[in-house]
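What follows is subunit A paired twice: with subunit B in the first complex and subunit C in the second.
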Partner chain A sequence: MTWEPQIFKTLHQIPREEHVFPGTPLCAGCGGLESLRLAAKVLGSRVVYVDAAGCMTNLAAFPFTPLDASWLYTTMGSAPAGAQGVRDALDVLIAKGRVPKEEDVQVVVLGGDGSTYDMALSSTSGAITRQLDFYYFCYDNEAYGNTGVQLSPATPYGARTTTSPCAVQHPAGTTQEKKDIFEIWRAHRPPYMATVSPRFPLDLEEKFARAAAYKGPKLFLAFAACPTGWLFDPAQTPDVARLAVECGLWPLKEAVNGVVVHTYWPKLTPVEEYLKLQGRFRHLFEPVVQTEAIAHIQERVHGYWARVKREEGNS
Partner chain B sequence: MLSIRFHGRGGQGAKTASRIVGTAAFLEGYHAQDSPVYGAERRGAPVAAFTRIDHSPIHERGVIARPDLVVIADASLIRDPAARVADGVDERTVVFVNSSLSPDQVSVQAALPGRLTALDLTGIALREFGKRGAISALLGAVAGRLSGLHRDSIRDAVARELADLGLSSAVIERNQAVALDCFDQVPVVSVEPGGPRPAPPVQLHRPTYDAPTKGTASITVGPNSGLRSMSGWRTFRPVLRPDLCNGCWLCFANCPEGAITIKPDGKPAVYYPHCKGCLDCVEVCPTDAMTVEREPQGVQP
Partner chain C sequence: MTAEMMTGNLAAAWGARLADVDYVPAFPITPQTEIVETLAKWCGSGSLNARFVTLDSEHSMMTAAGAAAATGARVFTATSSQGLLHAFEVLYTVAGWRVPLVLVNVSRALASPITLEPDHNDVLAARDCGFLQLHAETCQEVVDSILLAYRIAEDARVCLPVMVNLDGFVLSFTREPVTLPDPEVVKQFLPPFRPAHLGFTASAPRSLGTAVFGGATYSYFRHQLHLASLNGLRVYEEAAADFERLFGRRYDPVEQYRMDDAEDVLVMTNAFASKGKAAVDAARAQGRRVGLLRLRMIRPWPAETIQHALQGRRAVAVVDQNLSPGQGGILFQEIAACLYHEALRPRALCSFIGGLGGKNLSEGEFQAIFEQTADAGVRGTGIGPVLLFTESEHREVEQLQFLAHELKTGR
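Coming up: the complex of A and B.
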């Protein structure tokens, strides 16, 4: 069974209307901002963004906001709890007739990988268990970026961060594997989950449009190519985002009621193509090529897709 | 003590340049101190970095309010009030500007009180490296020359600092060569290291408030971030050649800022006040209709 888009089939269907306006202080070439901008085109303006401290906190820096939606700022660990409060308050006010039903808004948690994979995991787990009706938008730049690019549980093997440098003891830099937050979420059986990439805008828009049909927790993991943290020229954000998918490192998939379907079958380009673009992997190639480390990354990609092929019976 | 203040845009290399000068001074046996300062905004936003050099231990800390040498990595910073390049600059301060204009032209346009010198580092980098990128080694070399540091220590310091950034030895050697060219080329204006000078008298400013339409005193304001101009963040700009555009909308879909709009005829248009110059649109354009141009070099708006 091949996944086919139902709604968004050509780029000309992408709404021209903006809901994340220009003038934000985020870095030039931010892949996370690009994902959010595209997502908001489907989410619209009847939204409360509950922001976990992170890069996106800079979006609504007083007195400016790029959003035509509402905004609530929380600590890194408590955005889903904040979302629960907003949702409950709205439900109560609507039940009491103090807020008209048509003035209801969607609750969207904005979190980086630091909060999503790490600090907010317990409050997220609680919110999913309570079947909170909310979107969770994670911009995953694979490090604690806003504080200066420190290791997070989303940092992949072989990447260099300021707290996992290329060192004599650890020549590959990061030695951990990226935490599989998608499967942690899936174990909770939320109704809708998806991974998206800004370089695949139709796939992204389609998934947000589909998710609207489901009540309950909805996860979006957005690939946030990060020129500042990953050390590449901002102009290469589209290339990095495309190669992450084509090399098989960032699978595009969705899971409806826990059933996973991959929405794009990558060419499985050798991972070197992706790694070589970024300064955070440069130590794998210079001064000596760390063949074992690169092979390790490649093996894990092949292992993943071999399993997907077995389970989804596709090629 | 010699106090050097660097101004640049995030990603240009002002911080690394300040480290190169500090390291070079350290290698020559001086006491040296360097530190950067930037806010929550990064790539493209104004950043500053400070280097102090002295024969004896340096006890002063923090920002440099009265610099002996100011190094400006991007001429557009001069008119950017957020960058505050003119703070504490007086007639004896030496000011270096990365500009294609001659020192005299810069001097006329910039209207800074200091003694100006200039060299087109971005032009040299484009010519020598063939691509856009950080000019930290070049800035460091120029600052080192103006500070009276030696060629050899600059060469060593460039190698050390760029190696710390994980650059390959080939790239480092190329940077060393080009940096030393800049070291030789920059018109020298002698810097006179001053002792500690009294801080300028504190002036109390009457606060001014923006009109409420700009968002102050209201938490129910609509999207108003478009009031901010992002023009100053660019060192290069995308320029559309409409004759080559096939109207695919990839640039519109891939602009992180939403600075590209679609005109009624279905073709895109870049709205420059909102463009940060990331050039993602150039990268995704399938027909090469989006081209790159260097931002104009005049320091007047």
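Coming up: the complex of A and C.
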């Protein structure tokens, strides 16, 4: 059975109301910010964002905030624990009658991939295990962006970062494979998880709307095309975000109580088209084409989707 | 109210219970465990109407504690040693949030080598983080200090977290008579926590911990934090006066023991100060005019009170139960700094390092301290840092080294 949006079938259904306003210190064309903007259209303003150190930390810079929601910046490694404290306190204060029930807010962790995939993993795992009722919004720009685009555990094979440069020993740049944080989360059996892309807004909004029905930890992994770190023109953010999905590198999926369903079947266009758009992969094409490296990336994509077809029996 | 026998840890748990806290994020570490075990039990039985949550680490625990306080809950938590250091980043973070909460630290020496026994390198490492610090000598003082701590932390002139320190083993596991304050009277002393400046609610969104661009804004907020901490001196005095009126026990920022006519003074903190007081008594019996100044409040630093207590003395010996390698005693530095401008400053300042990792401070060592301090006072030149170590301790270590050598060489 194909996954169909139930609520968001046309773009007109996306709320026009904004909760992330323009004029932030983030880069032009930031795909992470666009994902957040779309997410907030469903999340609304009755939210406290518990932020981890990263690019988004610059959103709330005294005395400004582009949000009509609350904000608590914590550390790079413990935003989920901050969410725990806020949620627990709200529960206690509501139970004791010190905060009216109508004043309750949703708790949303805001973290980059570096925080999400590594440093905050302990506090995340703890929060999921305790069944904390919260959203985790990870904007994945596949690097430590705020510190100048260094290798993170989310950096994919073949990408060049400032700490995984192309070298004689490893001309492809990054030699690791991107860590599969989705499966790490899934092993904890949270009620709801999804990947999203800002170029697939109906899919994104639908998932946020569905997630609202579940109490407990809810993960959103948002593709965060990053012109500054990935070296492409900010105008091309939508193209990069679209091609990442169409070539199969960024699968759109959801897992309800651990059962994975892919929500979009990509065309599986050649990965070259996606890679060629970005300066971080230029060395794979110039001065000589690194055929093996490109083939390696392509094979892994095919392997992934072959498995999905076997498991979900769909195409 | 009659006194009951209880450990320092149980007294700490009672402090939280009497303060009627809302939230206890926890993580176990020896020698703090009895505190969180007790609170878990009380939260479970309903004798304390609070939520108890075990976090995945002290870093997370402190974050949850600060976040809950920022949401408007009265929060208590406790840790020790490695745990305090694991939370270090967050200590600064939550102090910067200006959230009142109370953290009990059960002092334990830091690895390496790993040990369980007390000294103050853990708590003093945290002296610059913005938390206020109260250090307790007795189990009674533990419970009382926690109540004082909430009162100061939540005062609008302060709005900072407070750390209450008690020594691992020596106090945490030692049973002493404790008179528990009457919960009804505690309510008079400690009004309910209803902070106007905190909370995340739907109708009043707030941003906390926001970034700043530029040194001026950063400095402004740090200066504010410093001034708020200094306000703690005044607020403490008021709270201590109220406490004495309601409960009959008086706690000054520093305690002066047999100081009236003392020409030489020992400066100490925490539970080993009891040994120091016994040594003062013994020395007095031999005719020495000595006294002891126990520092209860380390942050804010009660400089004037200390100056006042130490001016005009012949010599002062600071016994630091901590060691800043390559420098010496941490509190010695602070005492020396605050006496520099005193016209009547003591003729000599002496620095002794003792009690590291729970090492005993023997009568003989105290005697040596008194003798050397008196000599220094007569000469007019200080000494130290003197690393206290007795001959029998030396022999003990030599034996271990001998054994290690035998095991290694098979002989």
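The working rule: the second predicted complex is superposed on the first by the 315 of 315 C-alpha atoms of A that agree within 3 Å, B and C clash if a C-alpha of one lies under 4 Å from a C-alpha of the other, contacts with A are read in each partner's own complex, and residues count from 1 in each chain.
Just so we're on the same page, a contact is a pair of C-beta atoms (placed from the backbone, for glycine too) under 8 Å apart; a residue touches a chain by one contact, two chains touch by 3 or more.
In this text the structure is predicted, and so the values were computed from the model without any measurement.
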item	value
Which superposed partner A:G82 touches (first subunit B, second subunit C, both, neither)	second
Touching partner for A:V108 - first (subunit B), second (subunit C), both, neither	neither
Contacts of A:T65 with subunit B and subunit C, given as first, second, both or neither	both
Subunit B versus subunit C as contact partner of A:H12, first or second or both or neither	first
First, second, both or neither for A:V99, with subunit B first and subunit C second	second
Which superposed partner A:A39 touches (first subunit B, second subunit C, both, neither)	neither
First, second, both or neither for A:L284, with subunit B first and subunit C second	neither
First (subunit B), second (subunit C), both or neither touched by A:L90	second
Subunit A residues contacted in one complex by subunit B, in the other by subunit C	57-58, 61-63, 65, 67-68
Subunit A-facing residues of subunit C, complex	22-23, 25, 49-51, 53, 55-57, 59-61, 63-73, 75, 89-90, 93, 194, 199-203, 205-213, 217
List of subunit A residues in touch with subunit C within their complex	45-46, 48, 50-51, 57-58, 60-63, 65, 67-75, 77-86, 88-93, 96, 98-99, 102-105, 122-123, 125-126, 130
Contact footprint of subunit A on subunit B as seen in their complex	10-11, 40-45, 132-133, 165-169, 210, 214-216, 221-230, 233, 248-250, 252-259, 261-262, 266, 271, 274, 276-280, 282-284
Complex interface listing, subunit A residues touching subunit B	11-12, 14, 16, 18, 20-31, 33-34, 37-38, 57-58, 61-68, 146, 160, 166, 198-199, 201, 227-228, 231, 233-239, 279, 282-283, 285-287
